[in-house]
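Okay, structure first, notes after.
Order of writing sets the labels: A, B, C, D and E. Residues in every chain begin at 1.
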Amino acid sequence: MSLKKTLPIKHIVLSILSSALLLSLLGLLMQVKTDLHKSVGDIFLNLNMQTATANAVTSVVTFFRGIDTVGEVTVLFLATSGVALMLSTSQRTYAKIIKQDSFILNVGSRLLLSVIILFGAYIIIHGHLSPGGGFQGGVVIATAFLLLFLANPNMDLNHSILTLGESLSGSAYVLVAIIGLFKVNMLLGNFLPHPVSEIGNLISGGIIPVIYVIVGIKVGSEMAVIVEYFVKEEHEKEIENA
Amino acid sequence: MNSIFLLLNILPILFLYQFGGDLHVSFSLTKDFTLSLIQTPLGTFFAYLSLISFLLVTVSQKSKKLSCNYYALQLLLSFAMLIIVLAGDFITFFIGWEIMTWSSYFIISKSNNIDIKSLQKYILFSLASAFSLIAAIVISYSFANSFDFATISASFKSMPFDIQLTLIILFSLSFFTKAGVIGLHYWVVDTYSKAPDLFSSILSAVMSKMGIYGLFLIYGNIVGYQELKIMFGTILNGTDFGYTLAWIGVATSIIATFKAITQDEVKRLLAYSSIAQLGYIIAVIGFGTTYGVAGALYHTLIHTIIKLLLFINVAAIIAQTGKNRFSELGGLIYRTPVSFVMLLIGIIGLAGMPPLGGFASKFMMYNAAINTKFALILIGMLFSGAASFLYCYKLVYGIYLGHPTSKGLETQKEVPLSYLIPQIILALLLVLTGAFPGAFVKVINPILTQFSLKALPYDGVGIMDSAVGNFNGLFIMSAFVAFFVLILLLISRIKSKAKNNINRFDISYCGEVPSKDTSLHYGFGFGTELHRIKFVNAILKRSTATFYDALALQTKRSSELLSRMYYGNIHNTMIIILLFFSALFFIGVNS
Amino acid sequence: MLDFFNSTQSIHAIIIVGSMALFFIGFYGIATQKNLVKVLVSFDIMESALFLFFIGLHYKVGLVAPIVDDKTKTFTGMVDPVPQAMILTTIVIGLAILALGLSFGIEYYKLTGRNDISKMNELRD
Amino acid sequence: MIFQIILLIMLAYVVGFIYFGLYRNILARIQGRYGPTIYQSFYDSIKLFSKKNTVNYGWMFYLGPIIMATGAVLTLILVPVFSDSDFLRSATSQGNLFVLLYLMVLGPLGNALAVGTGGNPFGVMGVVRGLTRLIGLELPFYIAVVGLIIAANSSDIVHIIDMQKTGGLNIINHPLLFIAAMISMVGFFGESPFDIPGAPQEVYSGPRTEFSGKFLALLMSQGSLFAFAKLVLIIDLFLGGADSLWMLVLKTLAIFVTIIFIGVVYGRYKVEQAVDFLMKIPTLIALLGLARVIWFG
Amino acid sequence: MSLGYYFLLPVIFSFLTPYFKKLGSFTLRGSSILLSFILFVQSIAYTTMKLPQISQFSIKPPLGIAFVLDGYSLLFLLIFTFSAVIVSFYMLWYFKVNPKRDEARFYVFFNMLIAGSIGMILSCDIFNLYIFFEIVGICSYTLSAYNKDKLGLESGIKYLIIGSIASIFIVFAIMLIYLQIGTVNLGLIAQRFHEIDPKISVLIVLMLFIGFGTKAELFPMNFWAPDIYQGSISSVNGLFSSVVAKAYLFVFFHLFYLFGLSSKYMLFVMVIGAITFLVSEFTALNQTNVKRLFAYSTLGQLGILFMALSTNSSETVSGALFHLTSHSISKLLIFLALGILIHHLKSTKISIFGDFKSRFLTIIFAIGFLSILGIPPFSGFVGKILILKGFALSHNYSAIAFILLVSIVEAVYFFRLTAMMLDKKGTKRVVHVGFINYILLCVLAALIVIFGLFPSLLIHYTDLAANALINPTDYLKFALGVGL
């Protein structure tokens, strides 16, 4: 072994470089003054009462910066499509799984499924009142499906329903945005009534909970699809190895 | 097809004639660029020159089966040249210049024996020329705020000297490349020899003249000969500038002449000859005197005529025999007598011998050199002229005289009439310019006025007049003809029996009788003895190819070196990005 | 003594140090690791560090989450909600990219049996 | 004028042949022989005119010598023979030195065409040798001529002659140019060491190989005319021309004899040696002369 | 029509794609074409309106997010939507000859790529811009891996890794900006940028430079770019070259001028652009793979654009934008024609240019090459001369000399290809272009010629764009929501 191979010169150099960068960046960031201006967030907080949403983060996510969320949902959708494009087995012969599933796990997961989905739905619906929301809830729902897959690898999701959920919720989101244009002359405008007095109630905040529900459905179904693809991929590998 | 394009070629001539001299069109390309066409005496001269050349070449193309594309491109080329010579601003000029470049490129690519390397050479040198031109154009724009010739010319005086010098060098480089000054002639020979045979005549006769037009435009119009004198000072009776340029031209002429002699391919010889002849023009174009400009213009005319004639002649022979080397041709004189006579007239003109027009133009240029007391330049021109006799003789001997060197030449027929008609017209022109050298004075004088130079004296149509000697073309021509006829008559009176139509192998050959296999044609042996002359060999063994090949090699190597960076290791790419960030970070934050 | 840690400034300092340390762990990771999965993980570490950094610096002592409940009737004395919204978005995007990258990696592994990014050199002249 | 031309041609013819006979005699004496009579060349040419041609290779072969003769005659009438008289002045004023320089090559071109048509490789070899030699030969001569032209600021020969009347002879003013021109003249006269094109032992007399009968006679005749024209040109340029017939004969003879004496003592160069030599020493001499003209003349 | 539709319509199209697919490929293709067409027509409609135009989301800027269309973005909008129309028509041919490909997903990514690019140029919020950046990123990763073969996946992975690095830097920069001035609105950032601590501002600029510079393929960060081009299909290459790279370039200079960076930065960018140009063109000389070759050519042209756009003179910038437009059209032309060629000859070696026989394609390629080289009367010429003119006016002669010298190197390989096409030797295979492609390529070639002959058609817009870029007061007014 030559010296060059025993000594990881590259690693040493890079670690020294990283540390140097770290130190100088720290030196720089320590001086950061964060209160040069009143930030947008503070203004949003002041405005937030108008949206009649208890959770200011939610109102920022779905309303003030609503188009961000449309983009975000789109990113997720595109990633799902990408994963599907990559991992879809339609072009390959896909052998059915032979492995026996465990009965206990099967039943237990099915029992848990409804609870988890319910919990997810709760998080989604209460997104504008408490921490949580469409994304978080959607992911929770997806974990339910993950559980199913873990318990029973033979599981097949009903793709048409997932697609329907995905497409309809996505389209609904865009439609909501466009309706806002016609109703209040602003894309994503809050066209539903949102009296400030209702703040804290389940039905409050106008379109905000609606959007979160839509997002929840969309994220849930998309994450489920992603999870499914990855799980199936795993099994396929096992079959190949066997 | 041919007739249609023939008509289309006549149209611009009529158009130009119709306008007389007052063509002034402008067309607004954008708010900054206005394309304008203005007819100047100089432009008109070159316009007629190119248009008539195209017409004649189109006539000779009748017997070739050429596609519509070919004709269309050729027509485009002729329009491009028309744009160049009629341009009133540099954008128009440049557009014409570039259209000329690529349309000729596509025509050349239609040749049967073109290869990629030659095409590359042609286009790269053309583009280098064009880019040097555009660089000069934008630099002058930065001072004049206009592309207009007149405005740039007016503001040229106020530019700083280094800018003036840069501009002149850049413009000159561009046009030198087109004209094929030695060192920048690398493309010329290959292109001329490998282009379609008839198109070579356009390349040599017309396209290279666009370089000359450009030089006139710059030295005469944009900078102005008076300004050149002020800028560079004087030496002897001329300007420093003219002297430098003259040396460039003379060197071109001498080197190219020697190179021409050693060529085996017919068209390569003509290509080198073309370079050499343009060397003469460049030698006198910078003098800035009446005779310098007049000589350059006259030689432009004569060279166009001669090169059209020679290239068409050679093209006809190549088309007829399928051979393009001196070592494969020979002995065609009695098979294609008319062609022979045409070529003979052509080379007499090319060598610059008295009764024909070639002498008049050379005389004008020599006068210019005497006027400025550029003795060495004059000697160089004379010397190169003396050496050019060799290649002139090689041309006529290698093709028409001596013995046929390959099969099939004994039974050749005369070339088609379509080739001969333009040749006859051109030969007549050559004879006329020789007999009436003074007639051209009337064409030159407006151009001289345009450059604010003194006009040439005019003493009659047959006389070429100058302060340092004159000659009567008409007298010499008629005396020549008279003596010729007289001696012919006298000799033919002397009856002496001779064996006509004897066996061609019945010659003095060391007492032996040569057979068909004996190599009797000396045509391709020309020039071997030149290698034994030290001075000439020093010229012949050097080649710009070495330089350009080395340049190409170095470019390729650096390209290989650089392309190693792009070897696709994404991990290293990431590290490079991170390192770049770190480097910039340390530099940026700490400064 | 622990009061010292209860000041905004010291919390910020800790967060900056911690998050930046994390960031440069990720940085070091992407610079040295050649396994695709590890590289993707390193990216996630870096992103997480950024989230920590961003969120942490917007916390000031005494502020509460921007949610009104029965006790807080108005939106005052709350932390800035925008960073949280932005982080939420960025998390989802990071997730999406991660999923996509893994699916690429899986497919590539299936085809070639490799996941070493420095050995991906089919694309070259 | 036509009468004058005929007179001039006859004069040149006679003088040229006599000089040529003289040359053969001098050569013979130097070599320890008696040599032919001085009129031998006359006899030869008259004999050849009456002889039949051995061969004829077609019309170009026929025309070649005629072109050459035309060139010689044209050269002759364009050179001013007498400096002060109006003899043929109307013809000589139509040309100038450059016309002459080029006309001097026109004749050989015609010959070369005929030789080429003849197809004898030795003939062509001779022509090529001649043309190659010309590269070297012309250089010192051109420099000398250009020097004179620059000095006189005119390419008109009459003007150059007139200049010498007032300003002294060019041979005295520009001796270096004269020496260079004389070295070239040795070559133009086909004398050793520059007699490469027609070397009988090497290339069968070169260009003349295939000619016989009246063509050879024509070639010989034009050669004498041409030689005379060249001599007259030299005396015009350097010796101030000749104002009478005697002066003409004297001066040309002097030049001619000088050339002969140079010629007989040397062996023959190879063509490359000749050009090398001519490009070195005579060119250098001529350049020095030229420098003198430009900066001190 | 609101500007929001530029994003929302493609999104709704993408979401509904599974159903379009069920309705048959005709519906799918038709709707995609219709979508691109609507957007293109709408963009043309904007040329007649008063600029800037704004479309707000939820709440007025500077608090909310808005799409602002000024002269600068209008030009890019036209280029992008036009490219989209051309490519979506081209894909008709592609899916006809490659029937087994996943058509629906391609259209999803394709349309979202365009939508994301448009979002990037319209959004006046830097975080929103980042989201579009990621949308474009994901679409381009997937599109470059679309072939699902070794090469495709490799390019996808590489692109993804590079994209991740870039996005981390951008996110960091955005966070720093928000920490410093409490806003992500471009207008407010532009107003308050000078208030940032200079060292931090250097850091922010640097991070944005690395982030967008990596994606916009600047020199030391562009070693990945040719790989991506090599691994993906030709139409995607065309999109990368004429849309995606241009979108990143747009953002780069949009931020550059909005932040009002000093001349030191400008010089730096100019030098980096020059190096990019030099290195790419020299590297291209040595390539034997056509796609890589044109990738390097794209990099080189981007180098020129970087040089010219960083001059802060409206003449040069206008010229650069003209050149950009013309380059987009030309590269689209070249890549689409190249796709046809590659499909027929089943190779991406450079030698395919010597192996085909099609007068039409030869002319098309020749027009593309001549235009990129800046030879009249094609549109590239006008762009190049305007750039050179701009440099001349600022007496920057070294830049002129540099561009022209390197252009000769560029000419070497372009004309090598041309010479191979024109070469008569060797066996040649006849290539049938197909009706749709014939029309498409004719349209593109016609545009090149028209813009070359009548540049004033385009110069109007590039001037508008240049003024909007250099002097973004109108843009700022709208981005800040003043007077809405």
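Here is the rule we go by: a contact is a pair of C-beta atoms (placed from the backbone, for glycine too) under 8 Å apart; a residue touches a chain by one contact, two chains touch by 3 or more.
A quick note: this is a predicted structure, and the numbers were derived from the prediction, not measured.
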### Task
Determine the set of chains touching chain A that also touch chain C.
B, E
### Task
State the chain with the largest centre-to-centre distance from chain B, centres being mean CA positions.
A
### Message
Let me check something: if the centre of a chain is the mean of its CA atoms, which chain is farthest from chain C?
### Response
D
### Summary
Interface with most residue-pair contacts lies between B-D
## Note on the structure
Expressed in whole Å, how far the mean CA point of chain B lies from that of chain C is 71
### Message
For chain A versus chain E, what separation do you get between their C-alpha means, in angstrom?
### Response
30
#### Entry: Whole-Å separation of chain centres (CA-atom averages), chain B against chain E
45
## Note on the structure
Whole-Å distance, C-alpha centre of chain A to that of chain D, is 107
### Message
Two or more other chains touching the same residue: where does that happen in chain A?
### Response
14, 21, 25, 28, 32, 34, 39-42, 44, 64-65, 68, 71-72, 75, 78-79, 82, 86
### Message
Please output the residue numbers of chain B that touch at least 2 other chains, ranges allowed.
### Response
563, 566, 568, 570, 572, 574-575, 578, 585, 589
### Query
Where does chain E touch two or more other chains at once, residue-wise?
127, 131, 134, 138, 141-142, 145, 148, 157-158, 161, 165, 178-179, 184, 199, 203, 226-227, 286-287
### Query
Which chains touch which?
A-B, A-C, A-E, B-C, B-D, B-E, C-E
#### Entry: List of chain E residues in touch with chain B within their complex
157-158, 161-162, 165, 169, 199, 202-203, 205-207, 209-210, 214, 220-221, 223-224, 226-227, 279, 282-287, 296, 366, 370, 373, 375-377, 381-382, 385-386, 388-389, 391-393, 395, 397, 400-401, 404-405, 407-409, 411-412, 415-416, 418-420, 422-424, 454-456, 459
### Query
What residues of chain B sit close enough to touch chain C in their complex?
563, 566-572, 574-575, 578
### Message
If we count contacts the way the header does, which residues on chain B are in touch with chain A in the complex?
### Response
575, 578-579, 582, 585-586, 589
### chain C residues touching chain B - in the complex, by the definition given at the top
27, 30-31, 34, 117-118, 120-121, 123-125
### Query
Which of the residues in chain A end up touching chain B in this complex?
14, 17, 20-21, 24, 28
